[in-house]
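Each of the next two complexes has subunit A plus one other chain: subunit B in the first, subunit C in the second.
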Partner chain A sequence: MKGLSDVYLQQLKTSLAAMLQYRASLVIWLIGNILEPLIYLVVWSTVSRSSGGSVGGFAEKDFAAYYIALLLVNQVTYTWVMYEFDYRVRQGTFSSALLHPVHPIHSDIADNISSKVVSFPFVLAAAAALSAIFHPAFRTTAVTVAFFIPALALAFLVRFLVEWTAALAAFWTTRVNAINQIYFISALFLSGQIAPLSLLPPPLRVVAMFLPFRWTIGFPIELILGRLTRAQILTGLAVQVVWLLAALALLRILWRASVRKYSAVGA
Partner chain B sequence: MRFLKLWLVYLRVGVMGEVAYRANFLLHLLESALELGTALAGLAIIFSHTATLGGWRPDELVALVGVYFLVGGVIGLVIQPSMEQLTEAVHDGTLDFTLTKPEDAQLLVSVWRVEIWKLTDVLMGFVVIVISLARLGERVGIREAAAFAAAILAGGVIVYSFWMILATSAFWLVRVENILVIFQSVYEAGRWPVSIYPGWLRFALRFLVPVAFAITVPAQALAGRLTWQALLGAVLFAAALFTAARVIWRMGIRHYSGASS
Partner chain C sequence: METGPTIRVRDLKKIFVVSRREAGIREALASLVHRRMEEIPAVDGISFDLAAGEIVGFLGPNGAGKTTTLKMLSGLLYPTSGELSVLSHVPWKREKSFLRQITLVMGQRNQLVWDIPAADSFELNRAIYHIPSADYRQILEELTGLLELGPLLSKPVRNLSLGERMKCEIAVALLHRPSVVFLDEPTIGLDVTMQRRIRSFITEYNRRYGATVLLTSHYMADVEALCKRVIVIHHGKLLFDGELAALVHRFTAHKTIAVQLRDCDADLSVYGEVISCEDGRATLRVPKSETARVTERLLVDLPVIDLTVEDPPIEEVIERVFAQEAV
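Entry: the complex of A and B
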């Protein structure tokens, strides 16, 4: 265990240094991540205004709260491994990582966390600015916060493991772009990004219950907004734990098979 | 017409470079179709809760999505790749060769790389516009069509000039390719009519990153809700920005001294 914590510490240091070196990419990333929830916030606020102030239980202020919470939850759970794996396998940079004595997922987790440490103050500032503009209605209590923290941690782990596992597709085909696109479109609709899940048509809502997307974004948001009953919260946490275990198992199996399959395409 | 001939040469080069990978065409078609499907499904969800969005009816917003794809396709087809190549050429000094050519250098660098697969987006956008026109029916007459042609031309010139100015700043600044990426991420905001955004954002989308002129204004023309004053404003803005791009390019060329050998 001592060895692993050393790995994390060292990786945190290197990624922090790299992050501060490439500040411009940080700014680009921030603009993209802030703009998207802002667009949907505006769209749904417009819809709610033209429907007499409320759509499906969401008034304008509720949409503001929903999408500001989405900005923060997405900031915590976001990963970019699916883009990076394609590059890694094609360019062959993964070859050396495979020789390391520790599982490469650890350096990815450390990398992910350190980048979020750097960007978090900016996202928080953006959330504060959006709050000043759109006056969100948060109905957050101490109890919801107490449930929110484990829900958010689980959401991060589930999303990271699921996307890391999905990224392994790069080992099997050099054309992962289409696969990634299908994944991101599913996430857009089923995680609660394009609209709060309760506004989706019923069939989609049912599908969302059985896929991981909702549990990585929509669930923690609804929780912190105080839109869930105690029973729904407990069920949600249980579903998250089930997904965590399932993702871990799947990752183990697919990782072994993928490494055996590995061949770098680039030089 | 010299411009068109020149561009066809570059287009041919682009096609020759890519025909070896024909399977890519299907893949890109699939990606475009998925993206379009996503946009339309998003509209379907929104319009299941409301009849109009900021005064826009469903068919009109579909037309806007078509314009979004058409303009985005043209940007991806020639503007973005050419401008990225320009910033690279300034960095590594290969622009020297271009400057010695007998053709106008700005013209050359504006079209010198073609990403032919983006034709799928252009095609898709065109089809969507035609379909939405059919659904909008007789409300689109000659006047609307002419206004649309003028508006989309002005929008195209504005977007081109904007990219040109940004890419030209590579003569003075070192890392402009990042700014170019920012445009791509802000472009997404243009998938919705800019009138729904709060004032400060609307201003930014008109003048800082002019996606409003490229997408909302032409779509307004199709929907028959574009005033002639607004159209005139777009045309004048296009002329001003185009001139500015030309002037800045000239200054950049004078400033340029091959950075590397």
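Entry: the complex of A and C
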């Protein structure tokens, strides 16, 4: 365990150093991350205003709160491994990681965290600025914050493990982009990004319950906004834990199979 | 305690199955329906042993199966059949205890992070391989000395020259002091001075740590300087395994006689095949069995100033090995 924490520490330092070499791209990428929720926020605010001040229980200030929370939650949980894997497998850079006596997921997690450490202050500042402009209505209490922290941590882990597992598709097909596309479109609708899930048609809401997306984004947002009952919060946390365990098990199995495939056809 | 050989390979095979398709739109459409699969034996039943501490040259033309073999030995590729053990481990299982004892250096396997100084990548590998701090400082100092890394370590890797980068790649691959080292073309693209530095480094590493080294190279100078023993493969099959000197002996039916005369007026073709003659400096190729007789005749018949008898350059020998194929 001590050895692994040393790997994390060094990977954090390495990633930080590498990232700071590219300050310009960091800024561009940050702008993108902030713009996306801002667009949804403006669209939904307009819709809400034009339909008499509220849509499906969301007033303008509720949308503001929802999308400012989305900005922060997405910032913490998002990954880029699905893009990266394709490149790694095609360029053969995976061989290097396979010969290290440490599972490659660890350096990816550390790399992800270090990127967040750098960008988080900026996203926080953006959230503060948006709050000043849009006056969000947060009904956050100390209790919701106490539940929000584990929910956010679980959301990060579930999203990371699910996307890392999905990224393994790169070992099996060269059409990874198509798979990524399907994944991201599904996530866009079913995680609560494009709209709060309560605004979706009921069948889609049911689908969302049984897929991992909601538990990585929508659930922690609804929680911090104070829109969930205590029972809903506890159920949500339990579902996150189930997804975490399921993703871990699936990752283990698929990782082995993928590496076997990789080493059969030529690394 | 190790009992058997450090590396043991028996009847090792790797067959790749690839889809084959002729050029053209008709073929492209046909391949949608029926894909013709073809088996390519990259490594076709080779066997050899390496004892601890040996440096062995692994030779063969492009596509002979060298890299495929190195990948199987290091655990990146799963063999189709045959037996394989390295340090009593089955490589493809990639057990941590195995990975900590080996290294593979190859052109496309870059361990250094491009945008940051090599020293940072070294630190990362220290953590990955659990190298105790004291050991790390010592080996880093040694590697820095042997490879003259000093000023390079603090520069971003992307600002290093090819040779400088290769030195750093070799160093980062050896930080954990592996006892088995696989080197795939460690000197490719480097200038002669750098090649020599890397060569002497490999010798020194092998001497200090008793590491077993298997290396491929297209530069025969590497092989001559480093390897007493060579293994030659071609089309995935083993052609030769033995001392370099024996390879030369076996595959050269000729020797080269260089004579310094006053001019090139004499007809030298009666002595052997004249390869060149310029300003009285002639090079003759003669059958090995004739060497002594021809030398004697040259000395008697002509006003010879100087005469040397040499084996043909190793490149020529290797070329001949691949041309003959049958041993």
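Definition applied: the second predicted complex is superposed on the first by the 262 of 267 C-alpha atoms of A that agree within 3 Å, B and C clash if a C-alpha of one lies under 4 Å from a C-alpha of the other, contacts with A are read in each partner's own complex, and residues count from 1 in each chain.
Heads up, the rule we're going with is that a residue touches a chain if its C-beta (ideal position, glycine included) is under 8 Å from a C-beta of that chain, and two chains touch if they have at least 3 such contacts.
Source: prediction; values computed, not measured.
Novice: Check the residue A:Q10 against both partner chains and state whether it touches subunit B (first), subunit C (second), both, or neither.
Specialist: The answer is second: A:Q10 touches subunit C but not subunit B.
Novice: Touch test for A:H135: subunit B only (first), subunit C only (second), both, or neither?
Specialist: After superposition on chain A, A:H135 lies in contact with neither partner.
Novice: Figure out whether A:A18 sits in contact with subunit B (first) or subunit C (second), or with both, or with neither.
Specialist: second
Novice: Figure out whether A:R260 sits in contact with subunit B (first) or subunit C (second), or with both, or with neither.
Specialist: In the superposed model, A:R260 contacts subunit C only, not subunit B.
Novice: Of the two partner chains, subunit B (first) and subunit C (second), which one does A:V102 touch, if any: first, second, both, or neither?
Specialist: Second partner only.
Novice: Where does A:T93 make contact in the superposed view: on subunit B (first), on subunit C (second), on both, or on neither?
Specialist: It touches subunit C, and subunit B stays clear.
Novice: If you lay the two complexes on top of each other, which residues of subunit A touch subunit B in one and subunit C in the other?
Specialist: Common to the two interfaces on subunit A: nothing.
Novice: Of all residues in subunit B, which touch subunit A in the complex?
Specialist: 27, 30-31, 34-35, 37-38, 41-42, 45-46, 48-54, 175, 178, 181-182, 185-186, 188-189, 191-192, 196-198, 201
Novice: Over in the complex, which subunit A residues touch subunit B? Could you list them?
Specialist: Residues 24-25, 27-28, 31-32, 35-36, 38-39, 42-44, 46-47, 50-51, 55-56, 133, 175, 177-178, 181-182, 185, 188-189, 194-195, 199-201 of subunit A touch subunit B in their complex.
Novice: Please give the residue numbers of subunit C that touch subunit A in the complex, ascending.
Specialist: For this pair, the touching residues of subunit C are 16-17, 68, 71, 74-78, 92, 94, 96, 99-100, 102-104, 108-111, 113-117, 120-121, 123-124, 126-130, 156.
Novice: Which residues, counting only subunit A, touch subunit C once they are in their complex?
Specialist: 3, 6-7, 9-11, 13-14, 17-18, 21-22, 91-93, 95-96, 98-102, 260, 263-267
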